[in-house]
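Written below as structure tokens is the structure these notes are about.
Letters A, B, C and D mark the chains in the order given here, with residues in each chain numbered from 1 onward.
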Amino acid sequence: MTDQTTLDALRTEVRIWLAANAPKGWRQAEQTHEQFAAAQRDWFLKLVEGGYAIPHWPAEWPGGGRSLAEQKIIYEELAKADTPRLLLSFVSTFHAASTLMECASEEQRARYLPGILKGETWCQGFSEPGAGSDLAALKCRAVRETRADGDVYVVSGQKIWSTMAQYADKCLLLVRTNSDGVKQAGITFLLMDMKAKGVTVRPIQQIQGDEEFCEIFLDDVEVSVADRVGEENKGWAVAQATLSSERGLTLMELSYRMRGALSYVAELIRRHGREADTEVLRQFGVLSARVDSACAIADQFLENRMNGIEGLGDASIVKLTYSRVLREYALLGLKIGGLDEQYRAPITFGDLNTGNWMADYMNSYAWTIAGGSDEVQRNIIAERMLDMPREPKNWVVA
Amino acid sequence: MTDQTTLDALRTEVRIWLAANAPKGWRQAEQTHEQFAAAQRDWFLKLVEGGYAIPHWPAEWPGGGRSLAEQKIIYEELAKADTPRLLLSFVSTFHAASTLMECASEEQRARYLPGILKGETWCQGFSEPGAGSDLAALKCRAVRETRADGDVYVVSGQKIWSTMAQYADKCLLLVRTNSDGVKQAGITFLLMDMKAKGVTVRPIQQIQGDEEFCEIFLDDVEVSVADRVGEENKGWAVAQATLSSERGLTLMELSYRMRGALSYVAELIRRHGREADTEVLRQFGVLSARVDSACAIADQFLENRMNGIEGLGDASIVKLTYSRVLREYALLGLKIGGLDEQYRAPITFGDLNTGNWMADYMNSYAWTIAGGSDEVQRNIIAERMLDMPREPKNWVVA
Amino acid sequence: MTIELSELRDAAQKAFPADGLRPARDASWKLIAEMGWLMMPLSEEAGGLGLGRDAVATIHFEMGRVLSRAPLIPALLALQALEKGAGLADQAGWLERVASGEYVAVSLEPKNTIVASGEVLTGTLRAVADADMAGHLLVCAPGLVALVPSNGAGVTVTERPLWDESRRLFDVTFDGHKVAPELIVARDNAADGIAASLRAELLVALAADALGAANATLDMTVEYLKTRKQFDRPIAMFQALKHRCADLKTRIVSAEALLWARAGDPEASEVQLGALKALACEVFRFTAEEAIQLHGGIGLTEEHHCHLYMKRAELNRWLGGSADDLNEAAGRAALAA
Amino acid sequence: MTIELSELRDAAQKAFPADGLRPARDASWKLIAEMGWLMMPLSEEAGGLGLGRDAVATIHFEMGRVLSRAPLIPALLALQALEKGAGLADQAGWLERVASGEYVAVSLEPKNTIVASGEVLTGTLRAVADADMAGHLLVCAPGLVALVPSNGAGVTVTERPLWDESRRLFDVTFDGHKVAPELIVARDNAADGIAASLRAELLVALAADALGAANATLDMTVEYLKTRKQFDRPIAMFQALKHRCADLKTRIVSAEALLWARAGDPEASEVQLGALKALACEVFRFTAEEAIQLHGGIGLTEEHHCHLYMKRAELNRWLGGSADDLNEAAGRAALAA
């Protein structure tokens, strides 16, 4: 573990750097989703330059080799300084990077990792319309064929819920190469170029007006066998590594951001003259404590990880706590805001606690549904933490 | 249907009778459970005399032959006059009576029905420690044996949750006469004398200090084959008739009683000086509307029954609404009452909304758990009303 | 439900089938006029159908179910106000025109800053429904109820775009508009009485709208759960989801029982109707919230219908008064009872 | 959790095993004194262990888990007050006696009507814990903290039987009792400072008690569900029940995270500790409510343990201040932040 003096020094260093470099007025400046994406790119490259973009990468990379305690400090400070969340580079620096580092070949690493630091972005092609919580049921089909310059997989199918795929250069793609036997056993992991022939990306219009997710249509897309990670039909294990690449930092950061955003509730109460309403005061008091407990459980999870103790289901507790508190936050805003909040107002892209309460409410579903819905988390907690029996496997419908 | 003039006349008649005959000060007078039981007997016999005890029985019985609309009026007026609920005679006049009338032999009817009007009380021996919601799993064993004066069933086993069995003269008993095949197919329905040799009754000490329920231990109790209702191993169908004998009147009565008892909440708010607390006022407003909706759904259910339209699951909606509102009632009282309510105070037997808030809270479980728990009601509503698939029958545990 | 009401309901479901969600406003309006619904609450002497609040609620319930865009709620409020306005110069003419399709807009928000000094109106009326299709607005100010041409002098009409695209609301600002004598509907106590009765009718109408829509929301959700498969079985088989649907059903059905009891009770007070409205709208709100969660990702897409219900549910909470205000009034009344 | 704290916890679990629910008060008290817990928060200079709030909370957490009947919470409050009372005549003697097992009772209810006029006390102190085993009571009145013999002149001690039989509370009435000069602990600002610090420590203690008990309640419930069979399967297999248990677990674990964060933060304000206490007690209350429901009928019987947790949960809500008051204060603070 990193000693306290080093940590304090890092915190000071990050604060100084942020005071000079954190973007200002970015919410107002980003009127379109394209402007948002462009600002995301700029901010990421600035963080790379500052040495704070990839603290979790190994030490041989500039800005890498940070302990978890150091990573936590960097994220805390990014949250406190109210900088834009790093959304566009998230899959690249976490999912793509850990997949490459843990499961890919030397050639693949050399080919793809440096690009990430230059701003090359990745998206994830995992979910499918028929395979949400049940990811292993995916159907996107890849057939191996021989070409003059080497074998390729010819891929056809559809992916969905791919975050910011409309701006992505590359894709972490799960495909089915075998349909016999258990569904997990026929999955292969590919690295796909988003500019390849046959790739069509369609942003999904979301209910709050955002376009954070995309559908990806694949029509006989050719991916070289050299871009396969791991063996054929062994992609499921690779995908697990991808998905476990980020454990807790994001939710810690988001909880702290929500704590900062309690000021929006206070402003709202004042604006509506509800300072003497006992119910509103109590609900605000309860919300504050709930947000504090979301911060505390996220902190505790990270601290346990630093000490090498992560229990089964711990991550689910953190996520379920956060998603429920996020919903409570938005609901309280809607309750106090009244009719005013029903008038459509511009949204802030990539931000969850904005004081635009209908938008915040709608955004809160992204956390109760995406990345393992609340229902999936409850199953995990019941089965792995409380050791309650699993759902029966073989259902005989009456 | 009964015409409005007849109904109005009945209402007036009942009111006049109640003004003269309704017991006064009964809450204070009943300090022990025995006093409560004695008062129940007296009140029941007085109602028999007045002609209001068994309005749902056929017309050949004095006070019987009332339409459902008339029954509703009688129960409404009993509730409004704040008379004691009829608990001790409930199984006798509903469950026992309808079992006898619908499924028993002429001899059995002649033998048992007149006694009910003289105050003979019945209890139910259905549930067992291992068979609660899953009633058909009952194990209480009956073996047919020959005696000099005719065949008997020799019964051994244990029953539980038998309401006021400590005061009962007779018992509606379900026993297992066959253990092969589907569990429903080996059940037989008996009429048992509670004074028979081998019957031991043990009142269950409840958490609020009441003794409403009993365990019944049966040790080689002999029941004559003449006291079997229906055929051997065909008791399950008889039990269904027993259980469906009361449809809606009780919950209508209880909902109206709860409406009357909103005055306890008002008193409490005044006693604690919370008249200006916006949260308390709003919660009281919400509770009032919820109580009103429990009354409305109970009324609607009865009205639909009068018109011969009862849908699948309707009764479950009425029960689940009532049980949840009853809980909300008690919770609001506890919230406003504060520490004062944590000091133990005498309970009122057989009453659900008393303003003794801890007792009311504990009593509310009798409705969320007994008579088909909230969970069972939800299953019924989902499967029968919403037509969602049933639980699989054959579980293969993973 | 009486035979008369169930016939009304069936007719409404035929005219506005469940699969035609959010039907176009102008076509709906035409159909509504043809169905005679614009004359429902008008007395038979005045040429109307003389139907009660329960009949009107039956139609609003069905309009909620299909997320109707047509301003039937405000139209009937205006009609009822005009019928009560015995002092109105051409009352019979107005009633005939409004009952046959001329739309008069009203505000759906009881808290407004509008004041009348003599016949001169100043202030802002919020949440005026579909003011763009109205020649006249019906304005309730303390002590004065009057009609105002929507393009009258000193009258500014501004649309306020909503998250809920099934409704359109406008701010109407009065900068010293002088009401024409022949457009005065009522003054003083009579005016305040009309305003109170409009508030009461609005509350029932919104409760009916909310519960019709809540029913549709739950139906849609249960259907989806039966169709959608995960882990090789329809997700409707998962007990946790079944129980949540059962709870929603229970809440909806029992709130609906109260709706019909209140709608059929001419003695029901404004406070009682307010508590009903708050209950109904909370049931709808929660149903819509759960509906999105139960749909999962698809419920977050613009193209799926889930969010349409949710946005209407959120708006309904505030029209006619907030739950906080209505419940507080109900609590006060229960305390005084 | 540090190694020191987890050792404390293990020792507590060994001394008070989970299967010995509601251990007898006097035997527990003796054991508690032997374990040295009565000197935990006392500074090392004063002969104590000098342990922090987190260590104390660790023990209260374990005492909650077994529904301890011994008055450790008030005992430690009294000790902390006495250590702060520099003006107390025989302070060292008092500290030694209290730390080695002489029980001094305090009130667990911050709202009291007691007033001090000079050294004369009048009014009633509610919710004084286990006054029957105390020779002296520690009384906090505005401007005065003092010890009072429980059989002193003008002092009446009356037990108020509780639904929760794991605790015993007394009303203590002062009818012009004159405090002996040598028993005065503090006056004026110093006295009010002590009262405030006792309120704060009480809040953390109750939060810890509640969450320890909530954990035990859920553990017991999950075990029962795994054992109990209905419809030929353990009812723990039913998803609706699994999800409810998972929600309870999540609420408990996240409230517990806040407990340890606050207990380990000497800067935590009384308002923050109040919000924590309100949260923890609501989590316990709801867990206990669900526990009975999930147990079904057996949970309603006196002989099963379910109701013991529920009754302690209900009482805990009110000790140290009601959730309404604490949350309102937290809301006000958040508004001012």
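Everything below uses one rule, namely that a residue touches a chain if its C-beta (ideal position, glycine included) is under 8 Å from a C-beta of that chain, and two chains touch if they have at least 3 such contacts.
Not measured: the values here are computed from a predicted model.
Farthest from chain D, judged by the mean position of CA atoms in each chain, is C.
More C-beta pairs touch across one of A-D and B-D than the other; that pair is A-D. Separating the centre of chain B from that of chain D, both taken as means of CA atoms, is a distance of 41 Å. Here the spacing of chain A and chain B, counted between their Cα centres, is 54 Å. In chain C, the residues touching two or more other chains are 237-240, 242-243, 324. Within chain B, contacts with two or more other chains are made by residues 277-280, 282, 375, 378, 389, 391-392, 395, 397.
Across the complex, chain C meets chain A through its residues 109, 126-127, 160-164, 229-233, 237-238, 240-241, 292-293, 296-297, 299-303, 306-307, 310-311, 314-315, 318-319, 322, 324. Taken together, the chain B residues at the contact with chain D in this complex read 127, 130, 132-134, 137, 160-161, 204-207, 213, 277, 279, 334-335, 338-339, 342-344, 358, 361-362, 365-366, 368-370, 373-375, 378, 391, 395, 397.
Within the complex formed with chain A, the chain B residues making contact are 277-280, 282, 389-398. Considering their complex, residues 262-263, 265-266, 269-270, 275, 278, 280-290, 292-297, 299-300, 317, 320-321, 324, 375, 377-379, 381-383, 385-389, 391-392 of chain A touch chain D. Put simply, chain D touches chain C in their complex at residues 238-240, 242-243.
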